[in-house]
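Each in structure tokens, the structures are laid out below.
Shared between the two complexes below is subunit A, which pairs with subunit B and subunit C, respectively.
After this line comes the complex of A and B, so read on.
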């Protein structure tokens, strides 16, 4: 069913595929660290802690068999980043892929940006399905022919071969960041992109690797005065002069690059006053924003903090227009979550194609679909138990306290090691990719 | 309340230490959140302790001002004001590990940092090893103005910023 991805709760989600190893013994390198659809939704890229990128391609739908939903199969796998060592600071640089962002397609090849903590790379993924044969000076295996045996000339011709997908690094953007890169975002002008670390945001040109322009710098003169860091940044989907960045204090700043070259002064500051009744030792931590995403239409932005998702209207700075609780039952458990470090987990969030539904992950391999238009929400689970083809996902419920009903799971039974941090929604269809620790689940809308 | 505060404080310190040995280098974001939580817990714990001491000594009118002064001094980590009973911690020390500019680190601090890493014991209170180096900068803090320099980190014109104390915990009663 084509369409821009309608209501999340009228939609019934069913299992489509799962990628990754089945066994419970998870190798650290296989832990998925980022998931991203390209602009058409035909390609789905994942990055992992081992520095690898795996790209899946959607098979062309079989029109004669509408029941058979198109599947995603491995298209290309390559090692994007390797572990490095900074000798000056005696620090190891992890190869973990923090973010992948696709460039809009301009020709037959596909381009994506992938980044670890320090280095951003532009990768070209191209197909080769022909090869030249009939060289005059070389044999087919590459050995040079004896010149004495050449008596005639021929023109080499292209002959078909098995499809080969090649990934090659076209640009490597180094030494732009002192701190750990948390975000990259391609500008709508298709020429520039931004990269953000804890304290600075740089603007790069896709063609120029040896320099970047610093647009935001929040590093204080004395690091002891440091009170907040940048946690995420994104360009506006249509306005090439506008970007936003979120902070660990729960604020979002919108910057206009036309106002000044250096965007230390924001154009807009989005901040909701804290509810004093909720104040605790951990208020600072849970208000830190882990992700910020513009809506496709560019009128709204969504932020994710530890317990909630907020939708902001770009024209209203003093409070969000909508707030959704992701897992409010965790508010009383913050101390335990601080002990086991789960309170520092950075959940991402995403919009569906027509901005009517948003999705984010939680613990116990649960993920939440929040329908904005119908003001309803549902909790679903990505688990091996519901892996039968086209099996419809059943809504899950968590019992916060008191008597546990049938089919409910109590808060204390939740597995906090099973967390869904990364999710992605196909830009046009109701197809979602949900990453558990080392598996990628693909769910699709049930087609009758 | 202060038992909880002390526990969170100790937990935060041990997490800050383990942060240093993590692969990939120190995470500035997490270090900041940990030290903020640690300070909040520490301030509440110290206030509770001081109030308890005050009750014991029956010096009610003078103590609140002294307590507030103590808190201010302790949060700036000046060793002269640590009371004989409590051993002041080094809240600035984790911050200094976050600092990128090597020139601000003194050799003895580096030495003591090395030593600490060898011990695997979860610290409760840390003894104050050496006096705070940057007393001049502290005076600037108290005056409330800091000249922003870029230390060669960016090609920016320096601007004057007014620093305001943001690390005062709200003492909950």
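After this line comes the complex of A and C, so read on.
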């Protein structure tokens, strides 16, 4: 299938690149906390726990040699957020980058929003490949010339130089949030964006940093009555008045900003009735939605809870149209996962370019590709062992119980410290970026 | 694993009736044990949040909801009544029993029945430092009583209530904090006998309320000499202090010491009545 983004079992995925340190000793600051392709797929940004953003750029393909895959190389690295200290509360504010979202490109420069728990920044990434030379009053190194020695005048000209990529913060949106920001989403109007924390969602204008509108507030008057928090939010890809937010109780609310200024009343409430046979003390925790993503065509949205991925039709609120089990074999282990806190891991999910396949991560550095059109799924692994160039990834299988077949891995052998929380899919091609704890793997479709 | 409410039936008809009920009871109690350990685990998780960085509100809310759910189930199971009964030991006056119930079921109305309440207050929690003891980490053999009471204590002792004075035997509490061995001692001693001393022992063995010795100033200074109070502030833990001004160590001192009670801190009387009660019950366990 030509690179329109089909996937699942038709596509064979092979290793392309891996970024990051090889040591097993992971430096805390290197832990990748977000991964995002830009709208063209040419740029791939990652944010880490140390507050840094690293942007990779795809090399322009060599058309004459199609087997030569285009690679992503470091384009820019900058420190987006620094650790801060809130003196009023005597608490640190982590510099960890929670989310990065690219703005659609309008001119030569690229813009992205990056956020930590409290502050959102708009960064401009621009290239400089020319510099002016031939000043009259300055030497080339910048020192001022003695005016007495100047006898002629010349016109300075731009001369080519080595490419330099500069990142500069253009806007800093502070003090909008009391709680921890979990999502940002750029509106299709390309002028506004939303930011969501545990209890509130704010609407910002990209040009205005000292003000934002609060559009959703679920904070109860008495904090003791708090039982539900906002876990993720996103604007509709085409309708600039529509956004959704998910909650820790497994519900998704769709809000229309035309209806009222404060969208506490939802326009639609998406909730699947609980399956009574699966009820346990952990039911609520595992129903908590960790990520919500609209499909590219804007007709569906996908939600990720602890054990499953659900696809919802925006026109049907009472149940999802598709449900995929990510790692059902963990259902019997929920108590242990609660004990070691893994049950609170927030996995993200993503769509491929034509919305036919969705992808999400799991434990043991496994990630899952779920083909909607063919109703097939595959489990793949991001590991250093399959790091040979163009090596095809072998499907992995987890044995839930009973006899373990050859090549299967048993549930008890899974490494719960190796979790793939962040994945991204190129908007047009079959190229995926999968983040393990501190490495970024790039896989591409096998081209014969 | 923790599916609610379903007790396995012993399908083999040849077994004696007595065996059946025995197995049924065993299954039920194993479920109770599991539920209990889940409750314990949840309460520890709520307590042991890292304090340098604001805690994850989503996680706290989910854990608190789980605790609430367990409590609801315990209520429906009738285990709730055991809680109140446990406090009605000999030598306790009816009024004290009522107080105990009130502690657990703190509600705005004074005459409310034991009803569910928010176990964990996300806001307005202040004063006492709460230290989780190691012994809580193991599965508690004694049942629901201790930890439901515990939960109530954690949440509601921060709320308003009457105080009668702090002239208590603080040493008992101090000792129980210092020596985890003592808690175990209490447990083993009362292992076979009535539940109440053991369970209440566990309550205080696990989450001690640190209050000073009789003299407020010296005790309180000693109390706070080496501890960073912000670390254990329940309020900070759960909300990251979103609206109430953060209470530093001096505020804590103010609220505990009667002579320094500032009018703005409504809950000053609260802690002292709870401490009072705490001491009384402690006396029962340790002294009598």
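Throughout what follows, the second predicted complex is superposed on the first by the 445 of 448 C-alpha atoms of A that agree within 3 Å, B and C clash if a C-alpha of one lies under 4 Å from a C-alpha of the other, contacts with A are read in each partner's own complex, and residues count from 1 in each chain.
By our rule, a contact is a pair of C-beta atoms (placed from the backbone, for glycine too) under 8 Å apart; a residue touches a chain by one contact, two chains touch by 3 or more.
Worth saying up front: this structure is predicted, and the values here are computed from it rather than measured.
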Fit or clash between subunit C and subunit B when superposed on subunit A | clash
Would you check which partner chain A:91 touches, where first means subunit B only, second means subunit C only, and both and neither mean what they say?
-> both
Give one of first, second, both or neither to describe whether A:279 is in contact with subunit B, with subunit C, with both, or with none.
-> both
Identify the partner contact of A:214: answer first if only subunit B is touched, second if only subunit C is, both if each is, neither if none is.
-> first
Tell me which partner A:332 touches in the superposition: subunit B (first), subunit C (second), both or neither.
-> second
When the two structures are overlaid on chain A, which partner does A:262 contact: first (subunit B), second (subunit C), both, or neither?
-> first
Would you check which partner chain A:248 touches, where first means subunit B only, second means subunit C only, and both and neither mean what they say?
-> both
After lining up the shared chain so the two structures overlap, which partner does A:406 touch, if you call subunit B first and subunit C second: first, second, both or neither?
-> neither
Subunit C has the stretches 113-121, 167-175 or 185-193; which one runs into subunit B?
-> 113-121
Subunit B and subunit C footprints on subunit A, overlapping residues | 89, 91-94, 117, 178-180, 198-199, 222-229, 231, 248, 279, 281-282, 284-285, 288, 335, 338-339, 341, 344
Residues of subunit C that touch subunit A when the two form their complex | 1-4, 34-35, 38, 41, 45, 51-54, 56-59, 61-62, 64-66, 68-70, 118, 120-124, 155, 230, 236, 239-242, 246
In their shared complex, at which residues does subunit B touch subunit A?
-> 4-5, 8, 11, 15, 23-25, 27-30, 32-33, 36-37, 40-41, 92, 95-96, 98-101, 104, 137, 141, 146-151, 153-156, 161, 163, 166-167, 170, 172
Show which residues of subunit A lie in contact with subunit C when the two form their complex.
-> 88-94, 117, 178-180, 198-199, 222-229, 231, 248, 279-282, 284-285, 288, 332, 334-335, 338-339, 341, 344
Using the touch rule from the top, collect the residues of subunit A that touch subunit B in their complex.
-> 86, 89, 91-94, 96, 117, 178-180, 198-200, 214, 217, 219-229, 231, 248, 262, 279, 281-282, 284-285, 288, 335, 338-339, 341, 344
